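Both complexes shown next keep chain A, but they swap its partner, so chain B is in the first and chain C is in the second.
Our next item is the complex of A and B:
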């Protein structure tokens, strides 16, 4: 019954989610073309949040992170995790409208590192750093319990399906590309793409461009079947947390004490984060893999060099992310007669009386920055791919079922699947039942 | 509470989920209907509004239409606001409904328990190995796809900007009335100044001009531009500067509102203002208030209507240019009517970059754009002020209260002084560097004891100032003190302004007699040449050549190569 209902629910949910974009899209109302005494009010940029409220935000974040550690490690309680996740979703998502957010803070941090004139707001810095510090000690409890983007996806996960490991391996690369691009664009002062393309912000704010809401709706729809697709395959902050959690002091363990290899937890993780015991390699396979490993290590600089070249190659087009470069291109093409007419931005520029030479030299300077950034971006992505290939050629020996250090989101779902957990709780009688909130 | 079993909790959760789901669907349905209704209605209304605005652009005096547009615009805005309010409330309800729906389903699912699945062997070595190999292949594939994407994206070549700066070329040529700075001084020194229009001696070519016009020729590269017109037709002409062959003739569609009448004096006509050219486009303005831009191939780039000018003798101010800005001195009505404006239009689009209200009456002078200590100023004259503006922003720099009614001579700037003429009254020099009203502080000298012109603009070689009255008295004035050095009656009537070429004074009379005289301490006539037809326009000078517009023909004076 429940399976049928969730099937029906998934379809109904899909219908509603797809209807949302049309319903939530905000309308741009152009300013009236008044003539007469009426003076158009100046566009007001909302001031920074009041100091006190900023402290409240940081306090809520610290409290949520601390509670996440409490629920994940001390209580080992999925219900507590779920409740905390919902509170975070309401506070950081719907109340704070998805801003400030640790993921978007990557942009601020990058810009502050590369642009001398930019001073990162202290709040943004704290939101960036605090989850990193907690991850370093306790793994990805931020992802599992506090992040509103993760919480929203976790909420809609109704019919989890397994993503094949090879597919997962390649999809995960997207997050590195996204992280590289986000740092690249922010460092050049061109765009905070993480914020601009946050797929869920439209839902939190109940307004946004139709395109972005469709994008978010697609993620939520996929999220009905695939556990947290944004977190796993796109989130740039998740990439950083993944690496830090490899070094974390404490890690999530499925079993509270020992693994009895009952295999009950094997299918419990909707995020593919449970690593199974490994079998012995046959001698032949071992030798082939060893050779391959050597080749890959030798190939690593070549792969990186190809990436550097590709990054530089793509930088010219990528620089069009920058509004000033786009404007310069447009003005140039209009003047050269290769495009017809004008657009609002070019008209506004022409009406400003600003010098086109200045615009061109600004655009050229931005392009030069993009070129340098492009080399780093390409090199970074290629290096990640090279290292991934190397890692895939190394045999890690495992004897127990364990939660992957990097991949585990500390959601606490698998705890109740482990019979040892039920022993710990003194609840042996119902040891075969799992909870799946 | 003991009576509440797990099964009961689950059933309740499912029921609540169903209710919340149905509720969400109903809300979404309502919102969708609202949205599609908006989609079906709003574009039509917007199109209607745009059409009304387009009609209004052609008839800016139609106040009834303006009122209707405002009302209709308000109606569209009100509708949008109502729609926004509706969808805003709906969104909250929908999100709440969905939240309850999903939450209950998860609760029911959790309570039911997802059975653990145990399949296959504990450690499937072959399976693991296969997955690893596949993973590596997928990652290689991912790398290839990324590279391919990079190549596809990066293939669009980056634009190499070349800022085409034609300003230097502009300053070296004759692109506006009396040259780039309106001074009437040619940078080309070796120009043929002697000819006989009737016999054709010294005339390189002569080409008929289809319609009358008081405007003077302007030049760019191989082209000469003129305009002509009457109450029925307005035209712009482009001639080949080498051969005199017409390259193109374009009719200008007037946007004058129906019923509106423009009746310039016969002496002014419909196309008295001289054109301007900036290396890309040629601009023309007519007494009807129509401004138009053509590219060099004769394609209309844009057209604009500045409103029916309220000008006693007909609008006659020539166009000026500052870099990419087309400068239009649009003086109208009385000085307290608040109708006069100075426009700076973007040459590319015709959009106003800035526009300034001028507290002056209608005038027939032309703005001059001059470089004063490295900064470009636009100097204008109209009753009661000579006003200077910053050429880039239109900000007023200084003004002098010195002008009277019916002013036609434009000012000139030379050697740190601005020379201004108060018609039939006095000539004066204003010192540079002032800010604000400098009437009391910056007038270097005034002279009201000379034959002051009422049409012709003055000319200066930086040593002396030369003024030419309509009845033919040429006066040379000491540049620094304002004293008369000499005067000479040329026995001719003049409407065109004098010029200086290669250190020689060049004047062409209404009868079409071109007089060349020496500049300096004494008057000495060098030559007199006959055009053979009447002339009211000022000549344009290029390397070795002079272009004169007679009242029927355009002449090119020069030596054959």
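Our next item is the complex of A and C:
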């Protein structure tokens, strides 16, 4: 019996090796014609989630964004903000399992802008655009109330600590680099790194690679002490929202009317987003900074040029993110005899019968794209650093305690620290007669 | 001072309009080729080399990829090379003779000399051992597919990243499967 099977196998093996009928779509064994009343079972194809439910997702997003404006501006109510945040966490996080999200949609949008063959689902596009438009009108209420990643971090923030300004500024540069890299790799069609390295999605799905879960757990642990570390130092979408929020029509104000400079709110923001009144600079500092500013502005093109050069320089190694580039390298090395043996990918490539020349020219085209992208990436990062330095040497005039336009996540925590807020709520009488609002 | 303020405001308005325009432009450009339907991941069974990554790389504990059986292509072989170990002790359904590590394939006599093989999806882990056996020596009627009742439709499928033969493709939700021998 066994011999019969091995015999069968070796004949079949010979057939496969010499004719590869299964690969060509032919069959080795003709399907039988049954004499009895045997009916062929159907191959089950359980469908995916209803397309219709996507409209539900978009509606929930719009509703949540609108409610966020209501709670942040009209009600000025941290409780409402918190509740909305929890609902979003449950819906977009645990129910929708973190996909699709606005942050990851950066990848889809970049790919669709630069890759003609890619068709972006409307869902991803809307998730990308809607929070941006809301931010242009109302600041980052998306971050405070809707984003599930932000919500998860907000939830674990139990012992907020202050992060020194300079440290915060430097760490924030990471987010710009991350955004640049994410667009770069997505635009070349190589990877969606935002999705790949999303630290919290493992919690939403309650499964995932162990490395990412540990990574996410570390983030949450840090997040107990440092308010929303991902949002402040890494989130690439947050970078876009920061800039749009600088221009927003409305902005979060700590006080409902006027700042009485009581300093009560000073330490209330766990995200370092409250800006204090600035002092006049001593003449000496002023002169030094003025000179520095001049030098920096003159230096900006140089900094940018260095960035462009560096971006082009790293593009070669960066292109190995792309699977096709890696495969081409591998095949080249195998053919040149510089590596021993084969890997699954090279075996699969050779079995597919595709031409090596095509693979090489593909890889070269991808590498060329990486080079162009690298110039932009490097230039972008360098410009960000240069502009940051310039901003640091300018003194902005501020007389009140205000929520920074860029950094405020519209969480509503500081409201209740302001005595004017308590006057507004009627908890206390105003010093000048009361109830005059 | 007042003049200064209004100039600043004007500048601000211009920037605001510019930003809105930029967002609109990017969105419009992307929208010009956006699709009203969503896309899902699927395995092109003709590209799959049965490497086994599907069983381990899915973000789900139990992979969303399972083996399916296109019965119309099956030879109903008595000696199924997708079912039996290359050197089985005996040609019966005892566990030691089976290729499938989880015993997910059922074997039933139909009529002489034909046997029917069926996959118990609850047990299958998508390891592709049977697929390898069937496509090497049989008709290739066993192959892997992403099961959409299980798949989370990740924006970037983790298996697609790990797939050595680039067999994962995005397909429209209206035709979410790539079943062999069927037009798509």
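Keep this in mind: the second predicted complex is superposed on the first by the 378 of 437 C-alpha atoms of A that agree within 3 Å, B and C clash if a C-alpha of one lies under 4 Å from a C-alpha of the other, contacts with A are read in each partner's own complex, and residues count from 1 in each chain.
Here, contacts are C-beta pairs under 8 Å (C-beta built on N, C-alpha and C of every residue); 3 or more make two chains touch, one makes a residue touch a chain.
For clarity, every value in this text was computed on a predicted model and none was experimentally measured.
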| item | value |
| --- | --- |
| Contacts of A:244 with chain B and chain C, given as first, second, both or neither | second |
| Touching partner for A:93 - first (chain B), second (chain C), both, neither | neither |
| Touched partner set for A:306, first chain B, second chain C, both or neither | first |
| Touching partner for A:393 - first (chain B), second (chain C), both, neither | first |
| Which of chain B and chain C A:352 touches, first, second, both or neither | both |
| Chain B versus chain C as contact partner of A:329, first or second or both or neither | first |
| Partner chain in contact with A:108 - chain B first, chain C second, else both or neither | second |
| Which of chain B and chain C A:343 touches, first, second, both or neither | second |
| Doubly contacted chain A residues - partners chain C and chain B | 1-2, 5-6, 9, 12-13, 16, 22-23, 27, 29, 32, 35, 207, 347, 351-352 |
| Residue ranges of chain A touching chain B (in the complex, touch as defined) | 1-2, 5-6, 9, 12-13, 15-16, 19-20, 22-24, 26-27, 29, 32-33, 35, 86, 94, 155-156, 158, 164-167, 169-170, 173, 177, 203, 206-207, 261-268, 276-282, 285, 303, 306, 310-311, 313-319, 328-329, 332-335, 342, 347, 350-353, 356-357, 360, 363-364, 367, 378, 381-382, 385, 388-389, 392-393, 417, 432-437 |
| Chain A-touching residues of chain B, taken from the complex the two chains share | 10, 14, 17-18, 21, 24-25, 28, 31-32, 35-36, 53, 66, 73, 77, 80-81, 83-84, 87-88, 90-92, 94-95, 98-99, 101-103, 105-110, 112-118, 122-125, 128-129, 131-132, 134-143, 146-147, 150-151, 153-159, 161, 163-165, 280, 324-325, 344, 346, 348-349, 351-354, 392-393 |
| Chain C residues touching chain A - in the complex, by the definition given at the top | 12, 15-16, 19-20, 23, 26-27, 29-31, 33-40, 46-47, 49, 51, 53, 59-61, 68-77, 79, 81, 84, 86-91, 110-111, 114, 116, 118, 121, 135-140, 145, 147-149, 151-156, 158, 161, 164-166, 173-174, 176-177, 179 |
| Partner chain C, residues of chain A touching it in the complex | 1-2, 4-6, 8-9, 12-13, 16, 22-23, 27-32, 34-36, 38, 40-49, 51, 54, 97, 99-101, 104-105, 107-109, 112-113, 116, 119-125, 128-129, 132-133, 136, 191-192, 195-196, 201-202, 205, 207-209, 243-244, 247, 249, 323-324, 343-345, 347-349, 351-352 |
